[in-house]
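Chain nomenclature is as follows: A, B, C, D and E, assigned in order of appearance, with residue numbering initiated at 1 for each chain independently.
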């Protein structure tokens, strides 16, 4: 075991060896094995945005097995998806790539100012499918935040009892926030902190923008001179806000964009001490070979980072 | 066992030896061991106010382990925090300082006139983490007060069945009260009474101001000549309102302020018979050595009080 | 066993001997033992109205143990209170006076046109504390009446399964009623009937006034010549409305008032066949010796009644 | 509450107020109320020896209600019997005399060198019947002792959880012992110790004889000069062996015999510090008035003892 | 926390912080606090050998509270006893000395070639009494060994789930072994290994003699030249047999003997790397001041050992 992986596992010393083994497995898979960095392929947009918006740009992705293979070929650490997608390839790909069962999901057929996803799978499903972790989305800022927080606490406790780590997608959204506020640096850092407090073993947030949403926070950022000018600064602040770096924090790739724009962002994340990326549309909406290349380029940046 | 600790434990004679042992442990730890007085370090503002507002003034505090060490070095009786923070240091600090798992929390990303925290941990979590008590916030005056009262009754009954005492943070807030009313003497005394009736073993309230919120109460305060002019008077009234002093009542330190202002308030609390302080931001937002000095000065005032 | 107690128990012949034994215990304690009459000391105003309004007139009452002793010294049949108060003295006074655990309570910090108390204790709590019955408030006339009716049915069923009788405080209040209607004779009689139908073993209502609230009722009262002129008449009607006297119906004492006014009312209740009083503020807000004297005077009136 | 009852209850300070209340009730009923002494009427011989051997000498005893009335008229503290007998009179006598449900019983139709009674009732039965305690027989020395020890631990834990104390009949018998050994002083003292260790709140043993059964014990009795010459000496040793007198130890009356022989034995028990008697056949096999007189005489001896 | 305690806790890194905290508490109590050595007072002979054989040499010991005080005054790390004894003093001594609830016990009234204790308490009892660990005896060599192994696995799993460590008394005995074989070096080392394999956190065995019981073992001991000549040699071998010293192994004191003989044995245990002693009869059968002196002398030897 590399010293870095050993160090990271030491942050979770209250957990069972079974849970540690699953963290270890994700950190020791793919091209980033042993570095303590992670690039994960997530594919839940079929549920979240609908199939055509998600898969038409690269129709191979209509097939759930495509993504298993992409995660493997792309040298990823893990592949995350909702129940149906994972189940379809789980037997064929059993043991070949760590999987993360996303346990709640929203669809886009019923808009809501205050989002609250449905619970779409169970810890038992995750065991049946041989997953290495469960995933869950919370929306801080939503009127239904408490429901989500309480759901993940119950689910996470059950998951821990069978050795499964919890990955929390912490996406501020809802009546409590402006649109710009959803990626404001104060809000993203806060969202990371909430995920940590709720017991996330791995936290996923969006790359933060320089905007500050909350007046009470703005005063402190200015008074304390917290650096947030560059993406690197902001990433560093989010990692610090995640128990001073004692939690694995990874960043989403967002909507599909040019490879240069992606790489620019990754460099900022890596420079700021981010633990990696969870890169969906920018991977599976590209042609297979382009996706693999992009994923590998991203991994190389993380591998080179201190 | 000191006579005072023995006397205090006698107030809880309906409880199991297991629960008494946990009360004993908190009362026999730190610089105030054996005095029946308590100074507790609480750190839940990361969840409640966000990380930058909480930790930027003294960035060491971003690290959850910092607070374990501060509680020990500061000679505190116990350290209270939400799940994630406690879990991060629980194995490394196992047994070294009594801990209190805060089982509900609010965040500030979705304002609400009537607050209702999410339940963010369980009695099983408290056992896993080796805690000596559970903590819970109620907001008397909120439209959701009944939900909170019923939640803590269920949780407290489960906690008692495994020997864990209940600490209730009783913070009047909500549509039923004016802003000034939140710290009004009649309201704070009432909030302490409610916590006692709900089975709190330790009650935490804010230091009360001289304002009287409720007209029906005002008549009685005047007719009966209840003394509320000085902080000492008001503390005495709150302690009396907590089953005539048969419950441990401690007072929060509130927002960060100058050491002189803190000590002035502590002297009033101690003079009025308060059992101690739960001092968060005024401790962990100071530099370590200043925080230890302030905590020690506070302890000295309580130790000297009758 | 007195013939009267035997007769009263015969009304509950569907219940277990365990439940009958608890009814027997309450009817065979204190100065009214064996008469089938009851004077009960209830102290839940600390929760309902706040500590100063409740206890400042006679500050000894801030101490929960004071009321145990007052109930004993005052020759009462039982003492009723919320969880925290009962728990504080339960070990020290174990077995010395039958106790009734009040399982729901409201506070006055958040006004509501339609009251709905929080559930603040459990049947298991009542067993732990050695109680002889559970108590519960319903507010007929509130928009939340059904919630309360359904709660007490569930709780009462559990209580019966361990031998604990149910005492229902039936207090009409809410958007469905005028202020005057809360004590209207038709409404109070109706509230007593509802409590009986919900399975109350002991019903507590307020002494009814001569006002008739409901137009549909008014027609019948007049057509049938139901006598409601005197308190004695109205009490007789309420008792008749409680399964023709086959349920124990007792009457609250209301706000503190002069001893003469109290005794006048008691005489009316006794003359009308009321089974007794549940006398809180008029007892514990007086000085101890005055309270004992008043309670004894009240008991003497009931003892002398047929 | 008498000082002696208060002292006795202090030995059970780890128990709930509910359990203490039931101990209090038994100690505050009958002619010995408040003395801390107990005379209990047990009638399980119908099950153990058959009806004719049990009831023919005084045929009134065929009727279960006879024994309820005898216990009351005889000024006893409690009445103990198996399920059927207790159930028959439980409603009619509800609340009038504390009852103890005997939860295991043996019959004599199948002899066995190593006795092991059947479990013939439940804690739920005891609640339904309004009992104040449960009773259970163990036979130390039987090859089935472990089964009995484990049964009473499970039952006792359930009984405690609803506030019911445990009375253990500890009767050495079985292949491990000679007939004489069943009442040997070393064996009876040991049987009392075992009952205490198993969590009995009240221990019932037979009056011990001067015989010493075990060689290993004989050496110690002689070396340490333990006094066992008189019944008073032996009772004192048994009480000492019951946690140095911190448990209530009462003694069985054994087979029917002349009143003088009974009284002689009682005087020895009382002089040695025994807490009382559980007197079956010597009571209910006598004519009613003789039985009442004998019970009263016995009570007078205990009342006069220090 | 001392480095040695930290090292010892690191051997149990698969356990919850709650369980570690209880190990910590036992290692940080008494005169050996922080050394990683343990001297524990066990008092279960009242159940195992009968009260007179156990307590008559020093009659203060008939009182369960005596042993709580002796463990404290003697500077012990913990006090172990069966349910009844622990329960009697649990409230009065709550929190003052770590306690170990012995969950199975044998009595001597029914001899058996193949011993199998009864289960005499539960994990819930241990929580109610505020214990820091559970204790359990296994008899390797008994025909019923499998029953005991399976019982402790179930109980230990439940205990771990609430944070309680398991102490196994591993005493070879039964038809499979000669009398001499019960303390044979090969057998004691084997018994320690079995306890470790069954999940014991602390192992208690008897000091081994130089005899080798098993022919198959004898060949290996000779071929490999395992040193067993001195007690120090044998202790070292037992500690090595306990996962190479990664489990806490302590040694029983056996029957009462002269202080010189005790100290001689302790020096051998300490020299061989034993973690301490569990010293019953040699402590509580001496006069209080002699017992305290002996316990302190023993502690001094362990404290001085490397």
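Throughout what follows, contacts are C-beta pairs under 8 Å (C-beta built on N, C-alpha and C of every residue); 3 or more make two chains touch, one makes a residue touch a chain.
The structure displayed is predicted, hence computed values, not measured ones.
Which one of the chains is farthest from chain E, going by Cα centres?
Comparing chain centres, C lies farthest from chain E.
Quick one: point me to the chain whose Cα centre is farthest from that of chain B.
D
What is the distance, in whole Å, between the centres of chain C and chain D, each centre taken as the mean of its C-alpha atoms?
Roughly 40 Å, centre to centre.
Distance between chain A and chain E based on Cα centroids, please, to the nearest Å.
49
Nearest whole angstrom, what separates the Cα centre of chain A from the Cα centre of chain B?
About 36 Å, centre to centre.
Can you list every residue of chain A that touches 2 or more other chains, as numbers and ranges?
Counting only residues that touch two or more other chains, chain A contributes 13-14.
If each chain is a dot and touching chains are joined, what shape do you get: line, ring, star, complete or other?
Topology of the interface graph: other, matching no listed pattern.
Chain pairs in touch?
Here the touching pairs of chains are A-B, A-E, B-C, B-D, B-E, C-D, D-E.
If you look only at chain A, which of its residues touch chain E in the complex?
13-14, 16-17
For chain D, which residues are in contact with chain E within the complex?
11, 13-14, 140-143, 145-146, 149-150, 153, 157, 172, 174-177, 186-187, 189-194, 196-200, 214, 216-217, 220-221, 224, 226, 237, 240-241, 243-244, 246
Provide the residue numbers of chain D that touch chain C in the complex, in ascending order.
For chain D paired with chain C, touching residues are 1, 9, 13, 16-25, 28, 90-91, 93-96, 127-131, 161-163.
Within the complex, which stretch of chain E touches chain D?
Going by the criterion above, the answer is residues 46-47, 49-53, 55-57, 59, 62-66, 82-85, 87-88, 90-92, 105, 107-111, 116-122, 124-125, 128-129.
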